[in-house]
Each structure stands twice: as C-alpha cells, then as structure tokens.
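The structure follows.
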Amino acid sequence: MEIPLVLLLPFAGSIVAALLPTHARSAASGFAGIVALATTVLVVRLYPEVHAQGAIEWRQAWLPALGVDFVVRLDGLAWMFSLLVAGIGCLVAFYARYYMSPDDPVPRFFAFLLAFMGAMLGVVTAGNLIQLVFFWEVTSIFSFLLIGYWYHRRDARRGAFMALAVTGGGGLVLLVGMLLLGVAAGSYELDVVLARGAAIREHALYPVILALVLVGAFTKSAQFPFHFWLPRAMAAPTPVSAYLHSATMVKAGVFLLMRLWPALAGTEAWFVAVGGAGAATLLLGAWCAMFQRDLKGLLAYSTISHLGLITLLLGLDSPLAAVAAVFHTMNHATFKSSLFMAAGIIDHETGTRDLTRLHGLFRAMPITGALAIVASAAMAGVPLLNGFLSKEMFFAEAFYLDAHPVIQYALPLIATLAGTFAVVYALRVAYGIFFGAAPDRLPHAPHEPVRWMRVPIELLVFTCIAVGVAPALVIGDLLATAARPVVGGQLPPYDLALWHGFNAPLLMSMLATVGGFLVYRSLGRRLGSAGLDVAPFLPIDGQRSFERTVAGVDRAARALVRRIVTRRLQPQLAWMVVLATAGAALAVAQTGLVWGDRQRVAGTFAVAALWSVGATSAVAAAWLAKFHRFAALVTLGVTGLMVCITFVYFSAPDLALTQLVVECVTVVLFLLGLRWLPKRKLGDASERSPRTRLRRARDLAVAIVAGAGLSTLSYALLTRPAPHSISPFFLDRALPEGGGTNVINVMLVDFRSFDTLGEITVLGAAALTVYALLRRFRPPREAVALPAQQRLSLGEAATDLVAPREEAAALTGYLKVPAVLARLMLPLAVMVAVYLFLRGHNLPGGGFVAGLVVAIAFIMQYLVAGASWIEARLTLNPARWIAVGLLVAVATGAGAWVAGYPFLTTHTAHPEIPLLGRIALPSALFFDVGVFSVVTGSTLLVLLALAHQSIRARRAQAAARDAASPVASTTAVAALPLAVAADRR
Amino acid sequence: MEIVLSAAIGILGASGIWLVLRARTFQVLMGLSLVSYAVNLFLFSMGSLSIGQEPIVTPGIPADLAHYTDPMVQALVLTAIVIGFATTALFLVVLLALRGLADNDHVDGKDEGA
Amino acid sequence: MSAGVTLADAIIAFLLVAGGLFTLVAAIGLVRLPTFFIRMHPPAIANTLAVWCTALAVIGYFLAHEGRVALYVWLIPILLSITAPITTAFLARAALFRERQRGGDVPPPPGRQR
Amino acid sequence: MIATLTAAVADAVAPLMPHLVVAPVVIPLVAAAALLAIGEGRRGLLVAGSLAAMAVTLAVALALLAWVDVRGATPVIAVYLPANWDVPFGIVLVADRLSALMLAITAVVAVCALVFAVARWQRAGVYFHPLFQLQVMGINGAFLTADLFNLFVFVEVMLTASYALLLHGSGRARVQAGLHYIAVNLVASALFLLGVAMIYGIAGTLGMADVAQKLPAIPPHDRGLLYAGAALLGVALLAKAAVWPLNFWLVPAYSAAAAPVAAVFVLLTKVGFYAVLRLWTLFLAPQADSTTRFGADVLVLMGLATVVVAALTMIASRNVRRLAALATMMSAGTLVAVLGFGSAELLGGALYYLLGSTLAVATLFLLADLIERAREKGTGATADEGLVAPPPFAFDEQPVASGVNLDDEEAALIGQPIPIALAFLGLAFIVCVLLIAGLPPLAGFLAKFTMLAVLVGHDGAPTSSLGWAVVVVLILSSLVALLVLVRTGIRYFWVPQGRAVPHLAVIECLPIGGLVAGVVCITVAGGPILRYTTAAATHLLDPSAYVQAVAGTKATPGPTQPSRAAGGGTR
Amino acid sequence: MSPLVATAVAIALSCYALAIALAFVRLLRGPAAQDRVLALDFLYINGMLIVLVLGVRYGSGMYFESALLIAVVGFVGSAALAKFLLRGEVIE
Amino acid sequence: MRRWLPAPLLSASLFAMWLVLQGSLAPADVALAALLAIAIPVACAPLRPLPVRVRHPIVIARLILVVGYDVLLSNLAVAVGVLKSPWRKPRSAFVRIPLDITDPNALASLCMITTVVPGTVWTEYVDGHGLLLHVFDVDDEASFIVAFKARYERPLKEIFE
C-alpha cells in the first residue's frame, strides 16, 4: 500500500494546498515541504525492496475493456527518478518559502507544484505505456500553469503558451507512438514491452514508433530542434525553473529514452536520430549559453546542452554510455538546481539577473558565492565534483566509440568543443558574477539572503562534492540499481574512480579547460560589459520560427476557412440538395432502376389538365416570387388547390379537408406577413451581371436535376406494389378494435396517436415561438407607416373606407354589409366544425379540421370587424387553449394507466343514456378534443399575434403624432405590449 | 396517371428547390411551401394511386389493399401537412423579424446585390 | 334496369353536364370579357346555377341509387350564398378603389363630382 | 459499488416498468402544458414547476439507466407500446443501453442549463419554460422511439422548440442565425420525410426493428431504392449531426443562442448522431459479400472533413462561444468518423467520448456567458468578432525582441491573487479544455485513447489508410483544440491588471459545478462506463437482440383487443 | 353507375378541368391583382364542383365534406386577398 | 329568455341544419341538435350585436321565389351574353341606386341577392349615398333602378323594418 501512496500524497497535498488562505506563505510552503518530505521518506523506505526485487509494483484495474491496468511500478530507474523528484521537490518547497514574496498568493503556487510532483512521479513510476503518457501530459499542463504563474507578465504568458504548445503537442505524438509500441509489443505493460525489444525492433512499424517516441522525448527534453521553448520557460518563478526546467520535467524526455532503451535502442536509426539530436543539442546549447545576458537564460541553455549530452550518451548504443547517461542525469539535477537556486538568490537580493550588471558580488554574498562557484565548477566538470565524473565517462565513450570514421573523429571533437563552451559559461557564472569590479548599477544593495534560503543549496552542493570525492561509496550502489533496468539487467563493467590514469578523456578535459579559460579571457570582457542579445552564427532562431509558424498556420487557416466555410444560406442549401441528389442517384445506381409492375391507373384528361395548371402555377410562383409577391401568393394558392383536388381524386378525403383549411389559413398568414414586407423595386443592375447569371444557371440545373430525381423516384415507387405493407392490419382492426370506420382518424387518434401528440406539440410550440418573437417585433422602416391604401383613402372627403377601430366604425363603411354576413357565418361555421369533429372517427373530419374551421371563422370576424372591436367583447386566450388541449390529450392518454394499460390505449365506452339509448363514447374522442383545442389555439395565436402588429403600429403612430417626433415611432412600436397576450391576467 | 403525378411532383419540387436557393427571404418561404407540397405528394404517392377506395371501412368489403387505399400514408401526410404549416408560419415570422432588424430582405441580412 | 332509373339517370346526367357547361361558359367569360368589372359577372354562374345543377344531380343520384334523401347537399348552395357576397363585396370595392387611384373609368367617390 | 447501487435502483423501478419508458416524454409535455397554463405572470411557480419536472425527468432517466444495465451481460431492452398495438402495427418505444445513456446525459445537461437559466436568461423573452420542456421532450422522444415516422415527429418537436429557444431574447444575430437554422432544418426535414417515405414504400413498414427484419426479403432490384431512401435520410440526419458540408449553420446559431440554450443545443447534434448510428446499424447490415456497411467510407470521410474544418475554423476564431460551437462540431465529426469503422470497441469509446464532450461543451457554453460578462464589465465592450480579421493566432501582443533583459519589465514579480469566482471559472475552463482536447487526466483522454488504441489495431487488426487518417486527424485536432482554447483562456483569464471581478450568482455556479462534477464522475467511473458503452455498441452492431426484443413484445390483452394473446411488455 | 351518368361525369369533369385551365390563364395574365383574386375564387368554386361530381362518380358521400368545407371556408382566402388589396392589411 | 336564446331564428336554423347534416331524427341527434342550437348562439352572442327581427313570412317566401326565378333567368342571360360577347358587347354600366333601407341585415340580404343573381355586382355602399352597382347588361338605367327597388328593396324593407 505504500507504493500508490507515492502518487497519492502529492495530489492530495495539492488539493489541500489549494484550499489554504491566499497569503498563507509559511503554512503553504511548510505544508508542501512536509508532503514532499514524506514522499521522499516513502521513496527511500522502498529502496531495499526495489534493490532486492529489481521491480515492485501495485496494480489496480483501470480500463478493463482495453486490458489496461493502473500499475505503479518502481524499478531502479524509476526509484532513482522518484528520489530526485521528491527530494528536490522538498528542497524547492523549502527554498520557495523564502523566494516568494509574502504578498504572493502562494497556495496556488504550491498546489501546482505538488500536483506537478505527483504527475512527475506518475511518469517515472508508470507501469504501462498509456499511464506514462497520461502523466506525461499532466506534467505539461502543470508546467504551463507554473510558467504562467506570474500571468500578469507578458513573458510569462508567452513562455507558458510556447512550452505547452511544444511539450503538449509532443505528448500527443508520443501517445500515438506508445499506442503503436503497444501494438508492436503486443501489450502496453512495461514489463512486456521491455522484454520484447528484439520483436519491436523487427516490427514493420518500428521506424514510425521510433520517430513518434523521439518527438515526444525531444520536445520534453528540449532537444534540437525543439529546444527553443525552454529559455522562454524561464519566465517562471525561479524555484519552478530549478525544479521543473532543470532537475525534473525536462528530464522526462531522457527518462523516456532510458526507459525504452532496452526496447528501442540498438539500431542504426536510433543511433543516428538520438545521437545526432543529442550532439546537435549539446553544441547548440553550450554555444548559446556562452552568449546569454540573462543569468537564467544562461542556465537554461546550459541545461539544454547537458540534456543533449545525456541524449547523445543514450544514442551511442553502448551500455556503458547508458550508465553514464543515468549518472549524468543525477549529477546534473544536483548541480543545476543548486545553480538555479543560487541564481534566484542573486536575483532576489540584487533585483536583477542581467549578467552585464552583475559583477563583484563575492564580497557582499560570500557564502552564496562560494556555493555558486562550486556548483559552476561541477557544471564545468572540474575534478572532485560530480560533474567531472560523468563528463569523463562521456569523453571516454566519445573517444572509444567504434563507428564510422567520420563520426569517430567528429565525436571527440564535438565533445571537447562542448566541454570548452561549458567552461566558458561556467566561468561567466563563477567568475563574472562574483569577481571583477564592484557592483554599481544594481537595483538593490546586494547582501546575503536569509540563512534558511541557502540551506537547500548547501545540501545540494554538499551532494555534488560528496559524489565527486567518493563516488563509489556515495553513489555506486544507487547508480547500479538505477542503471540496471536501462541496460536490460546486465550492467557493463565500469569503475567509478577519480583517477583512471592519464588517458585520452583526461586530455580532452584538459584541452577543454584550457580552451575555455582562453576563450573566456578573449570574450569575457565583451560579454561582461555589454553582452550579446543573440548568439552569433546561428542561422535559425527557434523561437522566432515557432512564432512565425504559428502565425503562418493562423493565416493559412483563415484563408482556407474563408474558402471552405460559408456563412451564407444559399450555398448551405445548395450543398444539401446536391448531396441528397447525388447520394440518392449513387444509391440507385448500385442496383439499377427498374420500374414496378403494378397495374397502372388509366389517365384522364381532367387530371392531366389539372396538373398542367398545378405545375404551371408552381413554375409561375417560382417566377413571380421575387418581384410580384402578391401574384406569387395567388399562384401558390392554385397549386394548393390542385393538391387538394388530387387528394379527393385519389381517395383521400381527409387529406383534402386538411389541405383545404390549411390553404385558407396559409393565405391569410402570408397576407398578414406581406403587410410588413415593403415592395421590391424591379430590376437592379446586379440582375444582369454574368456572375449572377452563372449562379442562376447553376441553381436552375440543380433544381431541374433534383426535381427529375424526385419524379423518377416517385414513379419507381408508384409503379410498385406493396407486398410487405402492414396497412391491411389497420383496415382490419379499425372498426372492431379502434371503434371507428374512418381508418385515417383511427390511425391519428389510436394506432399512431403518439405521432399526433407530437404533431400538436409542434404546432403549439411553433405558435408560442411566433408569439414570443413578435413581442419583440420591430417592423422595417418603410413599413411602419400605414399602408398606402389607407393613407390615400384618408384624403378622400367622403368615403366608406374607414378603419374599424372604434366601436361604431365596425358597423359602418364598406364593412357594414360584409360584417353582417361574416357574423352570420360564425355560428354556422362552428356548427360545421362540431359536425366534422363528431363524425371524424367514422367519416372524414376530426379534431384537426374542426379546430382550423373554428379558427378560420374567428379570423373572419377579425377581418370584418378589426381586432380592437373583437377583443373588447371577447377574451380569447389562445395560449390557454394550447395548454388545455395538450393537457386534455395527455390526460386521455394517461387515463389508460389507471386501467393498467399503456399510455394512449383507447377504450370505447357504451353508456346507456335514458331516452337517447346506447351511445358510443370512445376515449379517442377526448384525445381529439385536445387536438381541436391545440389547433384552434395555435392558429389563432399565430394569426392574431401577427394581426396585432397593425394595432401596435397604429398606436405608435398616434403616439408619434402626439409627440410630433418622427423618430419615436419605431421605438414605440417595439415597446408596445401585445394586447392578445396570453399572459394578460 | 402515375406519370402525371410523378411529373407534377418533380416540377413542384424543382420550382421549390429553385426558389429555396434564391437570395430573397420571401422567395425561400415560397420555395419551402412548394417543396412541402412536393414532399407531401411524394409521401402520398407511396401508397400508390387508387380511385374510389377511400380508407373508410364499409361492412362487406374485404379489408385489404386491393379494396382500400393505404391508410398509413394518408395518416403520415396529414401529420406532415400540419407540421409543415407550423414551420412555415414560424419561418414567415422569422423572415419578418429579420426584415425589420436587417432593413433588407436578403437571406443573409446584407444587401450585396442579387 | 327499369325505365324510371334510366329517367333518373338521364336527369342526373343532364344536370351534371349542364353544370359543367355553364361553368365552362363562365370560364370563357372570365377570360374573354374586356374589363374587370364585366369579368366579375360570369363566375356568379358557377356560383349559382352550376352549383345548383350539380347539387341537384348529387341529391338525385343518391335518391335514385341509394334511396336516401341527401338533403344536406343543398346546404352548399345556401352557405355559398352567404359567403360569396363577402368576397364579392370586398373584391369589387377593392377594384373600384384601385381603379379610382389609377384614374380608371369608374364613378368617382360619392359626394365628389367627376 | 456502482453495481449494487444500480441493482437497487433497478429493483425499485421494476414495478413501474415498462411504463417508465414513456415518462421522459410525458413528464416534460405535461410540465410544458401546465407551465403554459400557469402563465408568465407567476414566475416563482414557473421556475419551481419547471425545475421539479426536470428533476423528475432526470430521476427517471437515471432509473432507466440502472434498469437496462442491471443484468450486465444479457441485454435488457425495455419495449413500450403506446396505444397498445402489437408490433409492428403501433408505435414502439425502446429503451436499450444506448437510449438510456442518451436520456441520462440529456437530463443532466438540461437540468444544469435550466438552473443556469433561472438566474437571468429565463427573463429574456416569454414562454421560456414551456418551450424548454418541449425541447427536452423532443430530444427524449427522439432517443426513445423505434419508429421511423415517430422519429420524424419528435425531431420536429425538438427542432421547433429549438427554433424558439434560439430566438429567445431576439436581436439581430439570433434572428439572422435563426433564419438560416430554420431554413436548413426545413429542407433537411423535407429530405427526412422523403427518406422515410421511400423506406416505407419499399419495406411497407415504419418500425425500425420491423424494417430491419424485413430487409432480407427485399428483392435485389428494390434495394437500390431502399438505399436511396437511406441516403436521403442520411443527408437529413447528417445535417442535424452537423457534419461538413452540412454544418455551416451550426456556429452562427450556437454562438448566437443564449448560454443555457446553447448548452442544450449541444444535445441536438447528438440526436442527429444517435439517429444515424441507430438507423445505420439497424438497416444497413453488412452484405454477405463484404464486411463493411453501405456508406461506411463516406461517413468516415465526412467525419474527418468535419473535424478538419472545425479545427481550421477554431484556429481562426477567438470568441469562446464560437469555440464552444466549433468544439461541438469537432466532436460531431469525430463521432461520425469513428462510426464508419463499425467496430464495437471503437464505438464504445466513441460513446464514452460523446458523454465527456457533451458535458464539456455544455459547460463551456455556460462558462462563456459568465466569462464574457466579466470581460464586458471590465472593458465595457462586447467581443463578438467573427472570421473577418482576427489578430494573429498566437499572441495578443507584438513579439518582443528576444534576449531583452527580463528585469526591465515593470511588472512586479508578485503573483496576482485570483478571486474565488475567477478561480472557479478558471478551473471549470481548464476542465473543459482538457476534455475537449482529450488530454489527461479527464475522460476525454480515456475516450481518445480508447478510440486511438482500437484504430491503430491493438487487437491485432490491421489499420486501413482511412484508419491512419483518423488517427492523424484526431491527434492534430486535439492539439489545435488545446492550443486555441488555451490561447483564448489566456486572453480571458490571464488579464494583466485592473480586472473587474465578476459577480456570480450561486445559482449560476451550481450548474457549472454540477457539470464539472459529472465530468469527474465519468472519469472516475471510466472503466464501468466504457464497459457499458462497449456493451451498448456491441448490441448496436449486432442488432438481433434489439430486433427480437421488439418483435417479441405483445400488446397487453384488454377489453378492446380481446383477441390478443397474453404477454409481458418487457423482455 | 350507368354508362350515361359515367359519360356525363366524364364530360362534366372535363368541362371543369377546361374551365380551370381557362381561369388559370386569366390568373396568370391578370392584368390587375383583382383579376387574379377573381380567378382564384373561381378556381375554388370549380374545385368544389369537381369534388361534388367525384362524389357521384365514386358513388360515395365521403367527399361531401370537402365540398361543404370549400363553401364554408374557401372564400376566406379570396376575401382576405381582396381586403389586402383594398386596405393594405388583412386585419386592421 | 334573451340570454339563453339570443337569436331564435338562428337557433332554429342551426337546429334544422344539424338534423339535415346528420340525416337522422334519432333521439340522440335531436337532443344534440337542440343543445347545439342553444349553445352556439349563446357562445357567439358577444360577436353578433345586431338582433335580427323579421316579419311577414309570406313576403319572405315570395322574395325567395322571385330571387330563384331571377337567378335562373339572369344566369341564362349572362351565359348568352358571354357567348355573344365577341359580336355584341354587353352594355355594362355602373348604376348608383338610392336606397331607402338602412338596416344592416336588410342591406346584407340585398347584397346576397345581388350576388346570387348574375349580372349585378355589389360594388360600393356608402350611407346616405346609396348603392353603386355594376350591371352586366343594362339599356335603361332609370327603369333598372325602379325595377330593382321594387323587386328587392321593398320586400326587404317590409321584412326587416
């Protein structure tokens, strides 16, 4: 149970830290330090087990579907990294207590730090590939949050984003690599993967896997060409730099290379890719580090260089080099984090990190100075310090490598050159900062920091010395344990001694040291006084390239999006029509089209003539709709009438009824709308442009092809019999079980009543939408005024053309006679509606038609008498009708539950009523009442909401006339409430 | 007769589609109405054409598709007509609202020629 | 088949054809007559005589063939006589108004000399 | 533990079955009618009624979820026959694993959106509550129905309510987007009807299971017409599922809609996907001579194109609402693309992905509202820029010369305290980003990992070139989503100075917190949920159990149907 | 149905179809909007007559409702169109 | 009484209409007819402010016969006029007829008559200015006016006023 605790502790600690009060600096850092310390102790306590068993693990089912368990696995390598992560984490937490300002809201900082620690521990202890990627990405995220901790600073935002882009992207690539690796190995389990190295290297996917994994590793470990993000990450608070960007997170990449070394290393491709990238990074980092002006920048580039060194070692495909890589990883973590912390102190106490301003500090801060000098010496590879040992191992590997002659000569040269550069930048830190002229231009007077702030550095520097002086004693066992899994269990012979005799590596060291001193002397003055903004002789600036790439992608995406994404309606609809046509055509083409063999119905002159008219009117409507809306509306009505007659002709009386009433309402509806559509003027210039013509031709072609397709399909189906149809059932059961002879009505209120329930819901919802939208209606400017007809008739001296808005007006004028007749029609129409409603179950009719008839009868009253007159006498509450209708319909349906039947099951009661006899009372009748009510309410709500706009406009005009302000009208119209409001109480 | 009806469906559909692809909102409205006629007739035509065989059961006539037209398609068309009516009304009002807000009747709310 | 039924059929056939022909004449008038107001008259033929004939034919048909008095068919002419005037009154008034507006050959508004 | 809980719930709802199946439709409908009857005046009553109805709907959905999953291996398929007519003559409702899952996610999102709306948005227009209920009713009905035409009806209910909700609050942007949205959907509905008509014309039936059953009997020369019907239906549904090039309406509509409305709209594209999934797997079984279904490659390609276009558009966008809309599109594309492979494991991963992305995008829409409100308060400006000319992709500022001495920056090296409200928003935002980009540690990663693992062939199956294309596109889209969202997050959250602290009502944070909690839940329960979704996918790809369950259901014998044999409603 | 009546029905239907075609010519030609409305109203009456005749042809009373409905509500469309011409709006 | 039977004439018509529509005299239908004949006028009463009062049923019957006869005659006349129109243009004209009746119901009845009788179109009625009628074929306007008033207006005046 201790094993998972290694992960659990930091994450739990993170949550607790996040909940601490904003300025609890000591509490937060203390807490974080204790958590890290506890984790360290845990890790240390696990050492005997790891040492003895090679690997220990804890397993928990995670994604059983994919055979992936959550495995916390600690072998030597993982243990070593865990120790680094937890141990340095502890020191950094301690250090940060003093580094961070008391005003800083540090709980957030420590929460992120602990979470990062957990994620990093997750990476190193991952027992399967997926888990590794999982935590890998989490480290990227927390790195992003930590770099952006001081987000009010521009460099922090930019640095954080860049780091996330590179490392997060790399992580995604790594995910694919790991998935493929899992495929090649046959399992995601690390044990299995490591055991099947040979099979993996033989696998066809190996090059792809290698490339993907390396992209992941290189981005994380800032290897060329992905190195550029790391210097930018220095915008993070220094404890973060010390921890994430030197000691731990950037090591994840090399950790991965070590982790997978047994599985992936040992091929030409590995050697070229890993070694090449390592060598390039080694040199490039060192070169750039020499010219940095920012102390943290220098350390960042040196980190890049050292990571390159480790990568190069791992790329050499030799077990001994791999051991050296592990060793250098440990060494680098100690001296580099101590250097970062020292840099933090210098920054903290002097107020600057500018190397041109930092000099002669030794007098002011001797202890810090001494520590920094020792750490720098370790970095430069000075004997008796840990850096020296691993550097010597590297030089030896470089020199004794057995490879292509060019490489055999180039590698020692590169190593020596990099060593030289390392000496130069180490001198810039050790000598340049602490010696030379006394400091003059510093923001603060320099002095030693608080005693405790130095403690972490002292511990780390002590480690450097201890390892450097007595390597075998201090680190020998540990190194062996850590390196054994990397080289696949069999350690090569090596000797952790200070003195190996006077040999080539020593010579290379000496050359590098001397060369370094010489270069520093010649360059040092210039660097010390002015510095260089950019390292010379570098053709490519990675950061710039990154930004340019990103901007380029942005531009390209926008250009592309403008081409492939439209916000216009016409292309959208065209796409849909074209796709549908093409899809149907292709589908039919699969089997070819065969007309059916159903007996054709003999054609008659009448139908042909009627449909000539119908089709012509449709074309005419299409032709007229742009400039002659009224005429188009009339022709549309003709088409509707033809559809209606067709329904009658082909045995669909119910459809005919429905179509007819809907036609009537639609005409009124469109006319109500037409009131608010100002007239279009004929013939704009664009009508004749070639582009317009082309577009019209294209649309015409699309329309004709789609129409032809529709014809074809309908003909193909019309001529087919329906052998599979379930319809005979309905004909058979409508009367005995549905209780009605009109099968259509029985379908609507019984067989498919669930459809009808949805249908009336649609109607109600549409009506409510119309009403809601019209409440905020703002008419077009040209249409606000009274219609031209009414304005003209206002001028006539004696006229019958009066608006029926007053009580008396409804009975005078041109409406006087029609009003009488229309009012007479109201009861008659209601009677007809009742008739249609009651007989619907057995003969054509039903709730829907009845509802529309009543609605039309009411609309007619509005038409002859005006809205005000009607509403002064009658409170219609259409929304309430909808509500009641829906409730009645649902209640009828739910009534079946009482009897234990499914929703909407019908039952016909046959009560015996005195004098009247037995009458049939189907429950479907009540359902139809609901339909009736919803239909009436919805239709009235839509039409009246539209009609009321006229009243609003007229009132607004009256108001505007009163105010004598022409501007007021529009706003007044918009502000007026709608009198027909359903919410009127 | 089948030819006449399918030709009619095609012409109605083509006119509707042409209008739906136009730039003026009222044209689109008319187009949608025509398309919905075409679709309703298409749906209706799935039941095949029958004359004098309305789906109202009469005692003594066998309850099969040789003696009655298919009631299913009629029920479906009925529902489709109602839904079409509701959505047409809705589209009309949205069209009006846009006309008021955009001060032109282009479907994209911006007058940039035809 | 008895002679009575044949006579009934003859009457029915006559009424049906008469209704059709009268309507055709009305349609011809609608197309051929020169001005709007004159054109308003022929449709009344369809509205009255043609409807009466056809309604009588229907009543006669059901009487002769099914033996039931389909009196309800006569509701159609009655209802038409109530609804048709509404349209006519509106339409004629509208035409008059529009003709006056465009200076057509129609009487001026009452109380205003031409 | 989850197993015991579901078993307990299943036992509790057993007496209510199968009537419970129809409840997700009836409850919102009754609520809508009642709320409409109550009237707009009594706001308190409206809110209480609306919330209560939605809570009951959620409870029902969860109970159904427990019910269908109770016996693990054997599929529990609850079949309900409204109006009590035998299959295939009446309409059939079916709650299987997939339907129950979709109902549950719908209810969760709807409850959260509704609570969020109570704070402000409900007052932006009339009839919000009834229409919201109808929206949920339509979605639920579409998920439950097993009848083609009834599906059309419920899709129309859903769409009509969505028109209303999209227009809720009115204003130029909404009306403009609404017009396009309605026009596109009306044309799509026409295609839908044509497709249904053709399938009925050929198969003579409308029950989905019945159609599936009758397909083998369709003569070969009729098959082309059947496929044509399927293609028409497919275009209509893919338009609703927001697949390129049928999805241009999505971004304007979703980004114009009021926040809670947009959150619910996330579900609408899922209805499109659900319908494609259901019908495609039921109707287009692989032919004897091949292993792939009709149109599989088309689906993959269209899905891929959708993801690519969404990603590209994301790069060119900076507004959170637009990004959320694009994330909807991206997830739609991903789902459709992986659907085409017809692998149960893959589909299981995709369904799990659907859960996560739905929650995430819904949350993002709600968040966007609060974030932008905070921003507008600070700057006094509304940010609603489109594609016209956004500033460069990467950074807000001009790039600084490299090597500038960092100490010359005026800004102090002291962090800014983050107000609790902002911290809350930020945290929720991060959760959304991680989910949408498919990054660890949340469900998005698990889902993407599952899908990728299957695609690259972890089970030994070779990967097709289309499979590789999907892998590449999924990875790149993840990266784009991550970077674009982070960039936007930086712009909104990492504001240098002088920020106005947003005033958040608890009632606005509650739903966001709830959704985030939901995300955490589905992450923690990743294993069981993946098992569930994979089981759902398995039964989708082999629909025989579904077909048999429906075909085997008999109407309840009763007084008006005396001839009917006895038999239960549930299998 | 006797052949005589059947022939009469066919003739009547042809007459109506022809009448509809002629009236449609007027509807298309106009020239004024009122001409179109007049023609539409006439078409509706024609439609009603066709429905009545079809009732005879099919020997069925089930088409009567359609005819009745045209009589009751068929005028509303043309009345509304006419009122729109007169006043510029349908409901004042 | 007024309240429950606001329009007795209408109620009677509705009662008859229902029975005609149902084509049955079964007790249930009669009961329903009575119910509807009472309920519908009551429900519609607010929108029908003008009470209809008629007298002289014999005059009514005679008027109906006269109109029926006129319908037949003028149908034929107009049909012939239409067919002859290529050769002989109908002498159509607007005729303004001063009216004595003012009751809206009477006017509405007159409007119905002019509509069902082909050859006359109710064009404009302005209170105090009479009725503008468009006539299909008229030689002598003055005699037409006299005949019109005698044939239709007088009976209506008797019936309604």
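Side notes on the structure shown:
In this document, chain identifiers A, B, C, D, E and F correspond to the written order of the chains, with residue numbering beginning at 1 in each.
Basically, a contact is a pair of C-beta atoms (placed from the backbone, for glycine too) under 8 Å apart; a residue touches a chain by one contact, two chains touch by 3 or more.
Model, not experiment: these values are computed from the prediction.
Using the contact threshold fixed earlier, the set of chains in contact with both subunit E and subunit F is A, C. Steps from subunit D to subunit F, minimised over paths through touching chains, total 2. Seen from the Cα centre of subunit C, the chain whose own Cα centre is farthest off is A.
A comparison of C-alpha centroids places D closest to the centre of the full protein.
Looking at which of A-B and B-E shares more C-beta pairs in contact, the answer is the pair A-B. Between the CA-based centres of subunit A and subunit E the separation comes to 59 Å, rounded to the whole angstrom. Subunit B and subunit C have Cα centroids separated by 30 Å. Remark: subunit B and subunit D have CA centroids separated by 30 Å (rounded to whole angstrom). With centres set at the average Cα position, the gap from subunit C to subunit F is 15 Å.
Touching of two or more other chains is recorded for residues 567, 569, 573, 577, 604, 607, 633, 649, 651, 653, 710, 713, 717, 720, 722, 725-727, 730, 751-752, 755, 759, 762, 765-766, 769, 773, 776, 789, 798-801, 814, 817-818, 821, 824-825, 828, 843-844, 860 of subunit A. In subunit D, the residues touching two or more other chains are 149, 153, 156, 160, 163, 167, 170, 175, 179-180, 183, 187, 194, 197-198, 201, 206.
Residue positions 20, 28, 42, 46, 51-52, 54, 56, 72, 79, 83, 86-87, 90, 94-95, 97, 101, 107-108 of subunit B each touch two or more of the other chains. Interchain contacts (touch definition given at top) occur between A-B, A-C, A-D, A-E, A-F, B-D, B-E, C-E, C-F. The touching residues of subunit D, when paired with subunit B in their complex, are 149, 153, 156, 160, 163, 167, 170-172, 175-176, 178-180, 182-183, 186-187, 189-190, 193-194, 196-198, 200-201, 206.
The touching residues of subunit A, when paired with subunit C in their complex, are 789, 792-793, 796-801, 814, 817-818, 821-822, 824-825, 828, 860, 864.
Within the complex, the subunit E residues that touch subunit C are 1-2, 4-5, 7-9, 11-16, 18-20, 22-23, 25-26, 32-35, 37-39, 41-42, 45-46, 48-49, 52-53, 55-56, 59, 61, 64, 67-68, 71-72, 74-75, 78-79, 82-83, 85-86. Those residues of subunit E that touch subunit B in the shared complex are 57-60, 62.
The part of subunit F that touches subunit A in the complex is made up of residues 7, 10, 14, 17-18, 21-22, 26-28, 31, 36, 40-41, 43-44, 46-50, 104-105, 107-108, 111-112, 122, 124-127, 129.
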